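Okay, got some structures for you below.
First chain A sits with chain B, and in the next complex the same chain sits with chain C.
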Partner chain A sequence: MKPRRLLHVLPAVTLLVMLGPVIAGLYGTVLPAFGHLPAAGLIGPTITPFTDLFDWAGLPRAVMLSLGVGMGATVIALTIVALLTAGWSGTRAFRFLERLLSPLLSVPHAAAAFGLAFLVTPSGWIARGLSPAITGWDRPPDLLIVQDPWGITMMVGLIVKEVPFLLLITLAALGQADTQRSAAVAQALGYGRLTGWLKTVFPRVYAQIRLPVYVVLAYSMSVVDVAVILGPNTPPSLSVYIVRLMLDPDIAMRLQGAAAALLQLGLVIAALIAWRLGEHVVGAFGRRWIATGARGKIDPIVEVSALVAGSAAAFAVLAGIIVLGVWSFAGFWSFPDFLPDQFMLRNWMRFGPGTLAALGETALIAIFVTIAALALTIGCLEAEYRHGLRLTQRGMFLLYLPLLVPQTAFLPGLQTLMLNIGLDVGRLPVMFTHLVFVLPYVFLSLADPFRAWDARMGTIAAALRASPDRVLWRVRMPMLLRPVLTAMAVGLSVSVGQYLATLLIGGGRVATLTTEAVALASGGDRRAIGVYGLMQTGAALIPFTLALIVPAIVWRNRKGLRHG
Partner chain B sequence: MDKGLILANVAISKGSTPLLSVSTHVAPGDVLSIMGPSGVGKSTLLAFITGTLAPDFTATGAIELDGADITNAPAHQRRVGILFQDDLLFPHLSVGENLAFGLRPGGSRGERQAKIADALTEVGLEGFADRDPATLSGGQKARVALMRMLLSDPCALLLDEPFSRLDTALRAQVRALVFARAKARALPVLMVTHDAEDAAAADGEIITLAPIT
Partner chain C sequence: MKHLSILAALIAPVAALADPNPADWDVVLADAKGETVYWHAWGGSTTTNDFLAWVGSRVAEDYGVTLEHVKLTSTADAVTRVLFEKEAGENDDGAVDMIWINGANFAAMKEADLLFGPYAEQLPNWTVVDVDGKTVQTDFTVPTDGYESPWAMAQVVFVHDTADMPEKVGSMQALLEWAQANPGRFSYPQPPDFLGITFLKQVLVDILPDPSVLAAEATDENYADVTAPLWDYLDALTPNLWREGKAYPATGTAMFPLIADDELGLSISFSPGAASTAIANFELPDTVRTFVLDKGTIGNASFVTIPYNSGSKAGAMVVANFLMSPEAQARAQDPAILGYGTVLDMDAITADERVVFDALELGVATLSPAELGTVQAEPHPSWATRLADDWAGRYGVAE
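And then the complex of A and B:
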């Protein structure tokens, strides 16, 4: 095919790669949910899978957990981010927090969850820090904090990871709206900093971050790895239950799993609709609040609370990573000592070889998937630049679709479908499935800087007789080195963090750092978890570090690109 | 064969709204100044001539350069040079690499380096080849941008408000340099400006575009 034609079909190929598995997975969920699984000799339709599911005594609790944790985490994370930005954007404290939170974004959910668990558990770092001086405990109290039946610790685990995500999304949106002048006008009219921002800027910003907020809601409702680590066991959340059913050796359990997956999908759709309606309600109250002309007397208190909450989120992830590190080197460590008796390399000697094998698998998958995602993304953006094939607003929605459909709704179906048509599970299907999640993030990360590139550079280069390909490779790509590497780092960290896709589509045979780490959750070997968690964090963080360092070295003599 | 740049019944519209229409012939060595208020579509006309018209504009008419119809030629095969008000030196390349990007392929490494050194000498920048363009002054950048364009051996030169970012003293100097270099190479020049002084210094025909109502 001629390159010109290739560029024309690339957007369609990209959509297919991204949405194909989602649609196939949903299709593969519907049939077994109604008892149709020819591979196992089961012919439907029947509603037995649903009656089986509704017979499960834990179902109401599991559904409530999914709804409560998902909604709670999203509302609280969004509130913290909105108030933090309202009260502090433009200040030095804010910039510090922003710089602290950006790298934390790449910390895999599982590692952050383990870190949090090691902090808040009765024998965790916080209890050790306060004992016995303040608490008087000389042995860990008998409290169920991690895996509490209400899912509160699980919700906190999600909040501390979603705050950095929503904050960075909000900052990107701030750049596009004329926010500073609005806030300045509001302050000149006597409004407090926070109230003025909420009344004038937030409505515009929210309109831009709406889709990412929906992603957070859908994700929090259906997350598996965080739920396995921090969530309750009896009964577990709906997503964890689905995965248990799908991994059951009794193939008939898959039917019930498929039914539960459809229920999960329905729950997420219902929650998204409820959220949409909630937006109108909040908007109506907001308008009334604006009409009162209230200037914001309690602004200072709210501002301080928001800063405390935001800092606590950053601290929880950061201290969590540190405590993972301490455990990975810990020798004998008795309660309530704040630090172990000795630091040793024994844990690393013991678990190191295993982590290296898992790291190899993780890196292989992540690198292939990220390069594929980057190639498709650059192809799409270049097609847009050369031929005006621009994604419409509806197209943007398609980009978010794989992130909005809960993983537990379509991945089980995809696995069943592959089984049905005789496709083998393994590394290659895992790569294709990772691409579904990596592609949207790589695209969203690169699209803005790619489009913001001064097109007159292209005109000049063309006038200098450079062909479109030469312009792309010799001018545009080098100038965009930093955003391209950042997009790669985003892609790598998304792939590294994938749990469910690797577990289900890999058929349990593809062992990455994330699947191995989460598998350790039930065993409770803190030293092993420390080693795996730290490796997992490193695998996600190092690419980000490189994305900062490499352009700085390559362009060390090019002042014009230092802040580009 | 007609030397120079001919715009034959060129009309540009945005959607169904007509923007401008122009018909003219710029002879080699001449400078045509196009003036008019902002928003009248001066830069759009240049985009049409360079082959980079945005998809939301439509244009009719023909562009001829040295007797060849280039109306539908790809941008990089038109041999139309352009300078903008910003120097637009590629920030990732050194001054010499910027010039090498413009210089037509061919010749040994040594010959190419010699040509680049000559070009720098021609505008009083000897020894600047290894410099980072971001460390140059405004006037120096403008001179490098000019030589980069000329090294690509264009058959016409377009100027899009090229001097408006320079301060007054520098402005006359750079302007004289650009016109002199273009004349020495017998290039037809089409300049878009809203500065009457630029147009007067060009010492050529002036077309004033008015909004079509």
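And then the complex of A and C:
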């Protein structure tokens, strides 16, 4: 195929790579849900899997957990981000928090969840810090905090990770809405900073961040690794139950698992519709609120609360990582000592070699997947630039689709389908599945800077007889070094954090830092969890650091390119 | 002559695919060289993981076998995989070469014809295994018939922190009374975790006047009557459990940090030496000790088995045989390493080999073989399956 032709079909290839596994997985879920699983000699259709599922006494609670945690985490995270931006954007405190939160975005969910667990459990770091001096506890109180039946700790675990995500998305959207003038006009009319922003800017910003918010909702409703670490077990959330059914030695359980996966899909769709309707309701109330002309008397209180909540989210992740680090070097460490009896390298000597092997596997997968995603993304964007093959609004929706379909709805189906048609599980299929999740993020991360590039540079280069390819490689790419590296870092961190895709599609043979760390959750060895959690965090954070440092060094004598 | 060579050429590929004969050990060793064995084994215990890694380095050194530990959260995962591969027609080189197994999983695989063998009793080191003194030829009452080879003995012990619970208790009834007097200080892993189910079985074995009914398959007729006292017991125990039974530790090892934090004063373990090992690893305070019940506690053997569709059967047999070697057994019994009971007959090994075992310090919290007392038999696997389902319905879906 000629290079020119290649560029033409690349957008289609990208969509296929991204959506193919999702569609195949959903197909592989629907058939067994209706009792059709030829590999196990079961021929449908029948609705027995659904009746079996509805016979499970834990189902109402599992469903409520999925809905409650998902909705709660999304509403609270969005509220914190909206109020924080409304009350503080442009201030020094906001810039500080922004700088603090952005690296936290790359901390894998599992590591953040472990860190949170080590903080808030009755024997955790917070209780140790306050005991016995303040609390009077000389032994941990018998309180159900981690794994509480209402999933509150699990919800908090999701919120602390979704706040950085939504904040960065919001900041990106702020640049595209004419926010500063609106806010200034509102303030000139006597509106409080927060109220003015909410009334004039928020509706426009929300329209831009709507899809990412939906992603957060779908993700929070169906998350597995955070639920395994922080969620309840009597009964577990629906997604954890699905995974358990899919791993049951009794193959017939997979039928019920597939039925539960379809239920999960239905729940997410219903929640998204409910959210969409909720937008109208909130909008109606909002208009009435605007019409009242209230200037925002309690603004200062709300502003401070938002800052406290945002800082608490950042603190929870940061302190969580620190306590992981302390455990990884800890000797004997009993309650209520604030620090271990002794620090030692012994834990690292014990678990270090294992983490290195897992790091190798993690890096191999992440690098391959990220390069593939980057190549496809640059190809698509370049096709758009040269041939005007631009994604429409509907195209943007397709980009978000793999992130909106719950993982537990299509990954088990994909695994069953692969087994049905005799495809081997292993590293390569894992890479393809990671690509489904990595590609949208890489694309979203690179698209704006790529399009914002000053096309006159290309015109000048072309006037100097540079071919389009040469313009791309010698002018555009070097100038976009920083966004390209950032997109790579995003891709790497998404791949590093993948749990379910690696577990199910890897068939247990592919051991990454994330699967190893979550597997350790059941064993409860905090020192091992500390070592693995820290390695996992490092694997996701270091690329981000490099993405900051490398352009600064390469462009040390090109001031205008350093922040490209 | 010409015909013969054609015939040989035709047979050759077939011979290469045929299973290795465990009785012809030299051929097994030759076949094993260069093979990679994927050992699917529970990966939740870091000490066990370390031991498996050591086994890997030793078999690579001596036999050229590469051992990969596939860390499972549940042994059932591996069983599922083999079942699925059989349905999908993957009969020659499945993903699973060896499984750490016992009980219901073994019974299920044997029943479904998913196992290679019999091989265990042809392995060279079988001659030093204590066939008479240890239950290595039945697994939860199911005859092994050479389809799995033993590598460790386990027995239920109760782990108590003497700072909280100075005196041992002699029966499950006494344990219940202690828990009622000390609410929130005892828990057991959530079934279907194997140790959680073992706890249920241990209660049943101890409180039944005659536990021999458990040796036969559970029937619809006798199950409800036999287990009724167990549910009464648990109804009395649950409100006094850690977190009032609204949450349970995921596994046995997850209870160690809870003891170290002084949340639990008493827990249960299936490995008599694990507490000493955990003390050595700073995971438990040195005030922890272990005890068994007056009537004894449930014991069983851990086995490895080889799926019928493993592509590295020779390599897996070499590993299985190495696991039964005095070298590996002595290391597994060392409380600083693993603290698992040996499957070997001390009278069958050489005096030099015995010296290594004799030199092992049991560890402060480990009971001697005499103190471990009577080993009670595991109930038939059908009991475990029903108990797990029943438990989940009663306590696993809190209202």
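Quick note on the criterion: the second predicted complex is superposed on the first by the 564 of 564 C-alpha atoms of A that agree within 3 Å, B and C clash if a C-alpha of one lies under 4 Å from a C-alpha of the other, contacts with A are read in each partner's own complex, and residues count from 1 in each chain.
What we mean here is this: a residue touches a chain if its C-beta (ideal position, glycine included) is under 8 Å from a C-beta of that chain, and two chains touch if they have at least 3 such contacts.
The shown structure was predicted, so the numbers you read here are calculated from the model rather than taken from an experiment.
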Are chain B and chain C a fit on chain A, or do they clash, once the structures share the same frame?
fit
Could you tell me the angle at the CA centre of chain A between the CA centres of chain B and chain C, given to the nearest 10 degrees?
140
Just checking: does A:Arg474 make contact with chain B only, chain C only, both, or neither of them? Give me first, second, both or neither.
first
In the superposed arrangement, which partner chain does A:Gly28 touch: chain B (first), chain C (second), both, or neither?
neither
After superposition on the shared chain, which partner residues are touched by A:Arg558: those of chain B (first), chain C (second), both, or neither?
first
Taking the superposition as given, does A:Pro440 touch the first partner, chain B, the second, chain C, both, or neither?
neither
Once the structures are superposed on A, label A:Gly41 by its partner contacts, choosing first (chain B), second (chain C), both or neither.
second
Regarding the shared-chain residue A:Ala462, is it in contact with chain B (first), chain C (second), both, or neither?
first
Comparing chain B and chain C in the superposed model, the one touching more of chain A is C
Once the structures are superposed on A, label A:Gly87 by its partner contacts, choosing first (chain B), second (chain C), both or neither.
neither
Tell me, in angstrom, the smallest C-alpha to C-alpha distance between chain B and chain C in the overlaid model?
48
Doubly contacted residues of chain A, that is, touched by chain B and again by chain C
none
Residue positions on chain C within touch of chain A in the complex are 38, 40, 43-46, 49-50, 53, 70-74, 76-81, 83-85, 87-90, 95, 105, 108, 183-184, 190, 242-244, 246-251, 253-258, 260-263, 281-283, 285, 393, 395-398
Sort out for me which residues of chain A touch chain B in the complex.
388, 454-468, 470-471, 474-475, 478-479, 481, 555, 557-561, 564
Residue ranges of chain B touching chain A (in the complex, touch as defined)
47, 50-52, 55, 74-82, 84, 86, 88-92, 94, 101-102, 104, 132-135, 148-149, 152, 154
Mind listing the chain A positions that touch chain C in their complex?
39-41, 56-58, 61, 122-123, 138-140, 142-144, 146-149, 232-235, 247-249, 251, 330-335, 350-351, 353-354, 419-420, 422, 424-425, 507-509, 511, 516, 519-528
